[in-house]
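You will see two complexes here that share chain A, one where it goes with chain B and one where it goes with chain C.
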Partner chain A sequence: MSLANEGLIVARTKMRKRGMLSYKTRKRLTPLFYVAPATFLFCLLMLFPMITVLRYSLMDGAIMKKDAAFIGLQNYETIFTDPVFWQSVGQTLYFTVMSVIFHLLIGLAFALLLNTQRVHPMIRSILRVLYILPWLFTAVIIAIIWRLLLDPNGVVNSILMTLHIVNSKVEWFSSTKTAIHALTFANIWAGYPLYMVSLLAGLQGIPKDLYEAAGIDGANEFQKFRYITIPQLMPIIISIALLDFIWTMQVFPLVWMTTGGGPIHSTEVLSTYTYKLAFSSYEFSQASASAIFILIISMGATYFYIKHQKAR
Partner chain B sequence: MAKRSFKSTVLPTVLTYLGLAAGLVFAGFPILWMFFTSLKSNTEIFALPPKLLPDHFTNVAYLSIFNDPTKVRFFLNSYLVAGVVTLLTLLIAILTAYGFSRYSFRLKNTLNVFIISTQTVPPITLLIPYFGMVVAFGIFNTYFALILTYMVFTLPYAILLMTGYLNTLPKELDEAVLVDGGSSWTALWRVIIPLSVPGVVATAVYTFLLAWNEFLFALTLTKSTDMRTVPIGIELLMGQHAFEWNEMMAMSVLGSLPLLILYLIAQRYFLAGLAAGSVKS
Partner chain C sequence: MNVRRYIAAATSAVAVWALSATCAFAETNLEFIQWWEPEMPAGALRSIMDDFEAKNPGIKVTLVSGPYSATHDQIVVGAASGTLSDVVGLDGAWVNGLAKQGAIASMDSLMADAKYDQSQIADIIKVNGQSVMFPLASFVYPVFVNLDLAKAAGVDKMPANRTEFAAAAKKMTNADKNEYGWVLPLSLQNPGGIQNDVMSWVWASGASMLKDGKPDVENEAVVGTLEYVKSLQDAGVISPGIFAKKEQDKVEEFVNGRVGMMIDSLAHINLIRQRNPNLKFGISALPAVDGYTGKRGLPYASWGIGISNSTEHKAEAWKLVEYLMSPEVNGRLVSLANAFPGNVQAKPDFSKSDPLFEEAFKIFQSGHLANEFVGLPVAEDLMRDMNVEVQKMFDGQQTAKEAAANTQKQWLVDFAK
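Let's turn to the complex of A and B:
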């Protein structure tokens, strides 16, 4: 994809003037010049920190002790024998899987509704903007909106009690039974628009004649959906779901601002568990081990993501 | 015949509208509730039965934010950090994207995979070494610490979005400049960038959004109240003894406003760019 002529033209017009760099060197160096700043930053902000966190995870008392010694895999042993760690893994998994499933269902439903020809295009474009709104809010704001709505004295309880669905005020975020579900619900509310936007773009890209041909063969609406729409959207669904899985698994601010992992660890997820180890207990080495665990799972999912992208 | 047409045209239309209305309530109700709560007095917030619209509209929450220099500072900090991050990210991303889009070179593929996987690295994994680094460099509790570390998550998107955009511009444009004796540097800034305004706008908006919304690094890498950004400011408000719900909601409204405005201005470019970037990166 290079500008095949560039080197040649530059060479013709400028080589006599500068004469310092040969045509070949110049051609080789030009792209490197453009990508150098980003490469430098990625080394400083990715490569180096990765090596550092790996080193920390093998040390005893990283950051806190001046002459922290290497102690092998002891930190990993400590966290892997901590029941709260495994509880966090389970809760992270529940939170993530439920979020991904409902993001997909709601995002797909909204995309289909917005793609229908039965509604005036004007209404559709206004609604599209409105449906995206939850996605613009930062996690902290999502957290306090839902803390207000789900307050024991808040509007959700009030509505549910008027409808006699519950009999007494539910402490959504401060009961060990409901906190994880309330949290998951808030995250579902905030996260579907990315699916909606991508799937809507996908729906608009499906060739119309596929549906016409199916119509001639006598397929009904459900069959068209099942055998044309879904297979056509599948590549997008897989990409977005994988990315969403990775990002949701790393959730921090929403949990931190609603429950802080409590009550009694009932909403502890891997990132809050790790954060507390590092910045409340100052066990940076154990926190690093836990951070490496999250990294490995993320990278595993990323591997599938990149493989999927390349296959398309 | 009439019944059939009812079943095949009217009913689906009614159901579609019902679905759209339900969606509107689901998406919009919490946001409306936030907005109108910011206009209530604190005594009215948990009134029974709950009312969406306040009995008495009041701007007391907004006034108390504007009259408090500490809270105004949260906003100034956020604008400064997000603004600088956006400018630096754009500059570096444009250069990198130009390199990716116009040349092939060794390591290009490796670098590309590296950039894509950077999008998925957990922030918490980076935070621990960043904390060590920032303390060691002596930049703990500075704007610089935030600006530098934010680049790690703004750059990958910006590069992917910009590369996607530059790939749509024909290479003959650059070649014309080169034939006239210009360098690729001239071609980039005089020809390619003026033609890339939609791509640059989309990238800038998305970068600003990511930087404005960041929480974890701002929470950990700054300490004093005068260095805090809006999300942390809201967290600090929540930590106080009595919840000033109307004030927190007013902060949230003000904190979402810049994104809302940017989004409405740029939405056409933005959605197209986002779809291209996230789906086909």
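Let's turn to the complex of A and C:
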């Protein structure tokens, strides 16, 4: 064999080796190939838009100006010095916290009612259907229902006036004093079934022997509830409350369709504030800064949620 | 020999393909985004486009249609990404932003090239001196009066001035029966109530909220109007729930006979007839200040038309705009849409429309179109700012003068952007 031929063979072997991945490398890469499609979709649908919004929030006149320049944190400064923004933050927190608390209380009460053996199964089935109804409506329908019910000439005022609870027509969504409470009430009505269904599933999973043992030890109904039911439901309660907090903080259609953030900003929440900045004022950069603020708060809640899930 | 035949046949085939392909490539496809098609009788706009295509071989029009708000969002996104349709349906409130963004083209050079007679156009909307929008069809906002309620209340003629309106509203109000003289929608979701139901009083009396194109909200006419609407509220003649009320609520209350008068679009006549065929109602021009004898400004909303700046087919797009603005086509389009024409020479045929349209057309011809929000920067935002100040005034937190001053302050900031 000539020297030239030998060289050729060595080169071919090297090339073959280079072209073929070793078993170890392939083994290491295989899982990455499995997650690649999901990662690609995540980057395309989640990461890319988030980075884009973050970039917009650091620019002057994003979207509207062709030569939008980098201006650092000026947009954040602008919105943080706007009193309406802080009013929106306060109202968002009130709306969210009250919604989460009452979702939990009403959801738990109805779940207990549907789980008790003291109510006839037929009535329980009917109640189950009735109680879950609000969950079936879209936000637009819920807004229309409550706008009609709480209209100054609506059913609620009519009942309250007949019962002499109020003397005149209350303008529920049209008064600065009542609008945020009326809105929160509508949201509570719309959201409790999620808790009810989840907690009912949790209640049905609590072993009966725990209650029997407690009964033998002389525990009354309240003590059983306090020391068995609540601790058993706690993982579900925490998970669902954290998720509800994140979702409720971002509620937009219900607020928009009922009050549009008014009257006089009294129901302005972060989502409506951001929307108006973007699609009414065309201040997409400031809207992006506000959206990033919402994202950070949501991420805080998400962190606790993930931590809680890991702990379980 | 056979080979030669094959070659000849193949050459012919290639030639035919090339010819047809060239024709195909030569054909221009115009995209026309608007919200009008769903609001017109089924197939009406398409049939106008078919006629245009027949008269302009080589141009095809694709209609991109959707509801108003979805179309707005789509136009905003299209303008931002440079993918705006060739021909664009426009609302006066969007024009300034789109023009400043460079998304819609100036039609001045196109008009000059075509030696277009601008005098036939009822109104040309300009931004920075550039003609960017023609109102193709206008929907005026007269006062609708429930004739049964008026008769029962002893109101025997349409109110012609503010004093007569206030008196009529007072007579028609009976809170115990849930009947009110007037309805005012001031929801912040859609602040159009400021334009249609509040500032329209200013324009009806020949006054203005602008001076040299800049805000002039603190003038007597505007403050006087704010004081007037506040006096109506104080008199208890406005249907309750003002701050959460939207335009559709206003129409609904009128349809149900709960309010005596409303300022509303003529486009709703058919809807009102459908919803309550027994309702007897009439229309009249918006009352002016007492003693005013000049021409009345008629508030209006319009279907505007413009051309995208990013289109590669500006000449073809102009042909479509010119066609739609021509007297004959414009007359046909507005007759179908129950609107008034953008071309002053157009003769709409209202013979098949509601008799009130004939009456409204007389009001239209005796007055002039007035909507000062058209073409203003961030027009919707301006309305919303003023809406908040008017709400504060109604809520007793400030006087009409303070509301006007605060609006002026806010508007100056918006104009400076």
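Note that the second predicted complex is superposed on the first by the 272 of 312 C-alpha atoms of A that agree within 3 Å, B and C clash if a C-alpha of one lies under 4 Å from a C-alpha of the other, contacts with A are read in each partner's own complex, and residues count from 1 in each chain.
Definition applied: contacts are C-beta pairs under 8 Å (C-beta built on N, C-alpha and C of every residue); 3 or more make two chains touch, one makes a residue touch a chain.
Keep in mind that what you see is a predicted model, and the values were worked out from it rather than measured.
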Overlay done on chain A, so just call it for chain B and chain C: clash or fit.
clash
Now for A:Thr52: first (chain B), second (chain C), both, or neither, which partner does it touch?
first
In the superposed arrangement, does A:Asp151 touch chain B (first), chain C (second), both or neither?
both
Per-residue touch tally on chain A - higher for chain B or for chain C:
B
Is A:Arg226 in contact with chain B, with chain C, with both, or with neither (first, second, both, neither)?
neither
Report for A:Lys24: first if it touches chain B alone, second if chain C alone, otherwise both or neither.
neither
With both complexes overlaid on chain A, does A:Arg118 touch chain B (first), chain C (second), both or neither?
first
After the superposition on A, what does A:Met257 contact: first (chain B), second (chain C), both or neither?
both
Name the contact category of A:His308: first (chain B only), second (chain C only), both, or neither.
neither
State whether A:Thr176 touches chain B only (first), chain C only (second), both chains, or neither.
second
Identify the residues of chain A that lie in both the chain B contact region and the chain C contact region.
63, 151, 153, 256-257, 279, 284
In the complex of these two chains, what residues of chain A are touching chain C?
63-66, 147, 151-153, 169, 171, 173-176, 179, 256-265, 276, 279-282, 284
Of all residues in chain C, those that touch chain A in their complex
72-73, 76, 80, 97, 100-102, 178, 186-190, 240-245, 258, 378, 380-381, 384, 387-388, 391-392, 395, 397, 414
Can you check the complex and tell me which residues of chain B touch chain A?
12-13, 16-17, 19-20, 23-24, 26-28, 30-31, 33-34, 37, 45-46, 48-50, 92-93, 95-96, 98-105, 108, 111, 113-133, 135, 148-149, 151-152, 155, 159, 171, 174-175, 178-179, 181, 183-184, 209, 212-213, 215-216, 219-220, 231, 234-235, 238, 245, 248-249, 252, 255-256, 259-260, 263-264, 267, 271-272, 274-275, 278-281
What does chain A use to touch chain B in their complex?
1-3, 5-6, 9-10, 13-14, 28, 30-35, 37-39, 41-42, 45-46, 48-50, 52-53, 56, 62-63, 106, 109-110, 113-114, 116, 118-119, 123, 127, 129-134, 136-141, 144-146, 148-149, 151, 153-155, 158-159, 162, 189, 194, 197-198, 201-202, 236, 239-240, 243, 246-247, 249-250, 252-253, 256-257, 270-271, 274-275, 278-279, 284, 287-288, 291-292, 294-295, 298-299, 301-302, 305-306, 309, 312
